[in-house]
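Below you'll find the structures, each written out as structure tokens.
In the two complexes below, subunit A is the common chain; its partner is subunit B in one and subunit C in the other.
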Partner chain A sequence: MDVETPDTANRRTESRYRKDRRVGEGTYAVVYEATETATGRRVAIKKIKVRQQKDGLDVSALREIKALQELRHPNVLELMDVYAHKGNLNLVLEYLDSDLEQIVKDRSLVFTAADIKSWMLMTLRGVEHCHRNWILHRDLKPNNLLLAANGQLKLADFGLAREHADLNCAGRMTSQVVTLWYRAPELLFGARDYGPTVDIWSVGCIFAELMLRTPYLPGDGEMQQLDVIFRALGTPTEEDWPGMTKLPQYVQYRAYPKQPLRMLFKAAGQDALDLLAGMLRFDPAKRFTAREALQHPYFQNSPRPTPHERLPRIDAAKARDEEIAGVKRKLDALLGEDAMQLGGESTACQCLCSYHLLTFAYTATRLASLEDGATTKRVARRLSFSMGV
Partner chain B sequence: MAASYWSSSQRLRWLMPANVALPGHERDLTRVSWADRTKLTLHYTNVIQSVAKRMMLRQRVVASAMTYFQRFYANNAYCETDPYPIACACLYLAAKVEETPHHLRTFVNEMRELLRHPLSARDGTDGKSTTANAARFPYTSADIAELEIYLLEEMDFYMILQHPYDLLTRLCAELQLPQSVLQTAWFVTNDSFRTDACLRYPPHVIALAALYLTCALQPPEAQAPASSAGTSMGTVTEATGGNPILGPGSALPNAGAPVTITERVKDWFAGLSTPLTEIAEVAQRLLAFYHVWDSFHETEDVSAILARLRTPEANAPPTAGPSTST
Partner chain C sequence: MSSSSSTSTRPRSGDTPRARQTTLAALPNAVVTREQFTATPSAKRGVSRSLESQLRALGCEFIQAAGILLKLPQVTMATAQVLLQRFYYVESLLDVSLLDAVAGALFTAAKVEETPRRIPDVVNVLHYLRQRRRGGDTAPLDGFTQDYYDLRDGLLATESRLLVALGFDVHVQLPYGLMVNYLQAMGLAGNHALAQRAWNYLNDALRTPVYVLYQPHVLACAAVDLATRHCRVPMPTSPPWWEVFEAEADEIRAVCGWLGRLYADPALPANLPLTSAELARHLATL
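Right, the complex of A and B next:
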């Protein structure tokens, strides 16, 4: 009986959104592009697969809901609504179509120092908001910094986030967090007692990446990652970083000399390099906090950060063309393969054929949703050819 | 307590006014008295505590689980639901939220084990029917997983909580209070989660009230020589009698030191910017709760109260007469 009311409420919520197309699938969720029927606003719906989870709600999903529900900030992805439908949990999120990684990789875009400052400012504001609420993001990287159509940057993917307000949680956190290239050295040495500055290290790496247009510290494995870090920034001594040698997985590394950041970042201003150095300090206690970083002269000195509406952005039409081209290539390759397979007459071959037909059907639907009339017709013809065989 | 309490969902979404009745409680109170409902809450929170103890979960997890339980029953009534699986879902969810997850089936097994015996058989008066025993917790992992979603919905998906423990620890260190004071105040704080104080007052007020009660009722000076006499709450309520809110150490012997700990704590409380009335209200609630606890006999009371609660109102048994308030 207590179940009635939420159910009705959920049905009402469900009818408020129309799922338009499936845009991706993660480990614990499927993401749809959807429309809020009343306003026509585009939203993303993240459907968490609950029924398949034998052990209740997935921990990452729970972390994400718990963190996003607590945070409200222009630079943090907004969780607009949560509802259950047919045993699945649905998170209604803002729809954002690009991320900072795409921007960094798009060689046709030129960044000015003011653009970089603007992205850094928005990132740090979002991070500061998380830290003020005692939440560690623990997976900051360009791929998780989403960009709205108006250029606003928003922190997303809180699947690894946790709060650290509790004094008693010291020494209980796992060091297996953050994507390798953005992982702070104390985590690589297995620290279980760390703080918000692990996120600042990641922001430092992102800052460097924006200036270099390529990942700053790309290691191949956990051991090699520290080698890459020390090669770039010099191997720290116990004096630089008191307590380093006591960390659980401390190993001695080759002593690389310290090199001035200027060697690599030739065009950067001195204030930018100061800020970068502050965010990439080895000793977590001496590393900048989000607040200190925001108060750094870099953000007050000229040039002024670019207003977010005028930041470089991915050309939506071009991105779509590229996606279509990719799908086409895949389709052509599949068609070629199929033609060869069709020669045989074994059952295995037939299975393969039907599998391919399924793939076609799926790809064609996607293509249809992406592309206009002319090309769709062509695909339809090809498909009917395959079916005829 | 974290600095962000004032902008937290705990304050903005889940802080209830102190004197407005909660809909879930209201519906129960048409069938049983406040004291009886309190006893039931005590029983269900005992279940949470016992399962947590068996699984060696931290007190923080227990506090969160009890708060979730209180949140769920702010809008739902004991008479309309079976609280055992809810308690299980609360503990399971709290363990995950506090980053010490365990398998769901472990919780279910522990619950089943704990509730294996019928209530009345625990003291050996009624040892019949082991088949009926299983019926007290006939739920599977799948049921609890489904309940988890309902629980989340009831809480509007707000899960992050701040608890009084950190502040309490820091206060005791700042005031240089003996370990025994912290110990007792900690226990009082634990008990506060068995009342709805965690829905109605901010964590810092609860920490202060716990500290206040401890210092007022077991003054640090009196405790030190006795090398921390038992912290049984029964003795606390006895000792207070009429008005416990007179002020800390109002009738205490001076232990000889020029400025006693009690004096210092008294001054410190006087200088607080937290409204003393709120602290006093929490203290009153706790004392009222301890008073009920004193006369609580889990094995007999719970089944009797449940019998009254679950019977349709129309034909309530005569035993319900005296204790049913309207």
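Right, the complex of A and C next:
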């Protein structure tokens, strides 16, 4: 029997997919929408950018491949294939068109308590599956919880994920993980031997965000983040969290009083608040595990979680139309301002003017790309976030 | 992955369906098929079976030595050796130089096991080991010499080639933890000499093909079996103790056979070819 060479096998995998359009760009990858030619199934291809070969292939790509190969679960994004092309790694993933962040931000959607319960249940099931396989996700946030067309929620973006079973690695993991607003307090204090409960903290923040419809703990920087957390939940004492003061980057914070969660979450049920409090406990040892959270009465009490097919979802076409309309309005406004300021003589006026021209150029490009359909909402939103337009 | 396991290049995931796997491993290790094992890419190009196994053993020896110099944990060194063994069931020693493959496997394993090492360090350690074997100058390389660039480029090229060759399956489930578990389950963990001996058998076995032929629980049982025989620790035989751990007698015997052959073999000759070019010249003189 003649065995196929790796190169032909690799090319055969590659030829099974057709890249259709560029969908988004992250720090280490470009995402394309593609089609599996044999079945017509829509897939996403994540092309890992080769950084200038300083450290060879990106570790996060390896981590993502390794984690996703091991995790097979209805609530975890499926890795269908991997192939190399001109030195780039390409990950073929399920295509999902929206994420929980879009849902939270879409003001036209109304969530019921049952909807929130359903999303929480799916998130925790995915997280529990990761933890049962000794994998920490380390970057849970609404943006990384993708939603399938049938409403199923799937954990995505395992670029920061890693195994945590190795005892020889204990105490040597980096604390620079998880997007700031969802980062657990032990990480902010520089803990290096943390465990699965860092993910549970993130899930707690997401739970709160689903109820509030706005990020729960939005800090501006690492120092300020702890301040925001303590202001919301009260500053912990050594009694609440034994060992806190021994953490590498421990600093004393102002002693904020503990406030009942009820103050902020006025409409939430007592069982929901109880679960939230359990997931946001300061001491990682006392914080709920994924399994404990799933066994919480909240999930058994009424209302029953909404079946995933009936959850609120984004109307993609409508969302794009709205965004285009918004950008157009902005352009008109900018045009008006510039016309007025062009008459001005002073340097300050000219500076302001060129600033506006820049903004104008940027906004115009954004509009063009939106109307083109070349970029989706997600990219546009990410850019607008970082550029502050 | 179900879809890519259909390619014949990738070592197959045995014939145990994943659902039936009851060991601690979430995924079974990739093992090679009979065809892949008997007709390796190197064998098809005229490399004799004994030379190939000597070169594989030498590669493993390099990895083990480099790992110690780079202060890597044994888990990383073992993973690298398994990756190297798997790699040469898909690629030929005449196409990818042994030294490059060693560098690529070690570098990848260090990333996979979350103990990354810098490229200059890996390159310099391998340069040192190579020069020592050839009796050349062992001074560290200047980062701007052709020799350094060659080694580095070889490493980077092999890194991606290795991933493609293995179908991106870099998952290696090692038997060390299982072996210790089994000893604990049988109340033998207190016997340090026994545990150490079993551990050493697992290390030595990395130089044989057993890691690409059998699943880790079989390797763990074989190591315990050999160690208990050597230390004269009586074990239950009817029914045999390994049945509890789902291993079979003939599998264990086969693993012990490979180890026996390893210990019977003389030390590796000093002038083994380290690169594809050297190997080609060596084959031409035969």
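Heads up, the rule we're going with is that the second predicted complex is superposed on the first by the 313 of 389 C-alpha atoms of A that agree within 3 Å, B and C clash if a C-alpha of one lies under 4 Å from a C-alpha of the other, contacts with A are read in each partner's own complex, and residues count from 1 in each chain.
Assume a residue touches a chain if its C-beta (ideal position, glycine included) is under 8 Å from a C-beta of that chain, and two chains touch if they have at least 3 such contacts.
Just so it is clear, the model here is predicted, and its values are computed rather than measured.
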Inquiry  = Taking subunit A as the common reference, can subunit B and subunit C both be placed on it without clashing, or not? Answer clash or fit.
reply    = clash
Message = With both complexes superposed on chain A, which partner does A:Lys258 reach: first (subunit B), second (subunit C), both or neither?
response = neither
Task = Considering only the touch criterion stated at the top, classify A:Arg12 as touching first (subunit B), second (subunit C), both, or neither.
result = second
Query = Does the superposition put A:Asn133 against subunit B (first), subunit C (second), both, or neither?
reply = both
Inquiry  = For A:Met80, using the defined touch cut-off, is the partner it touches subunit B, subunit C, both, or neither? Pick first, second, both or neither.
reply    = second
Remark   = Check: subunit A residues flagged as touching subunit B and also subunit C 1, 3, 6, 10, 53-57, 59, 62, 65-66, 69-70, 82, 84, 87, 89, 133, 162-163, 166, 168-169, 173
Query = Of all residues in subunit A, which touch subunit C in the complex?
reply = 1, 3-7, 9-10, 12-13, 53-57, 59, 62, 65-66, 69-70, 79-84, 87, 89, 133, 162-163, 166, 168-169, 173
Note = Note: in the complex, subunit A contacts subunit B through residues 1-3, 6, 10, 50, 53-57, 59, 62, 65-67, 69-70, 82, 84, 87, 89, 132-134, 162-163, 165-169, 172-173
Note = Interface with subunit A, subunit B side, in the complex: residues 1-4, 7-9, 58, 60, 76, 80-81, 92-93, 96-101, 103-105, 141, 144-146, 148-150, 152-154, 157-160, 162-163, 165-166, 169
Message = Looking at the complex, which residues from subunit C come into contact with subunit A?
response = 1, 3-4, 7-10, 26-27, 35-36, 39, 41, 73, 75, 90-91, 107-108, 111-116, 118-119, 155-156, 159-161, 163-165, 167-171
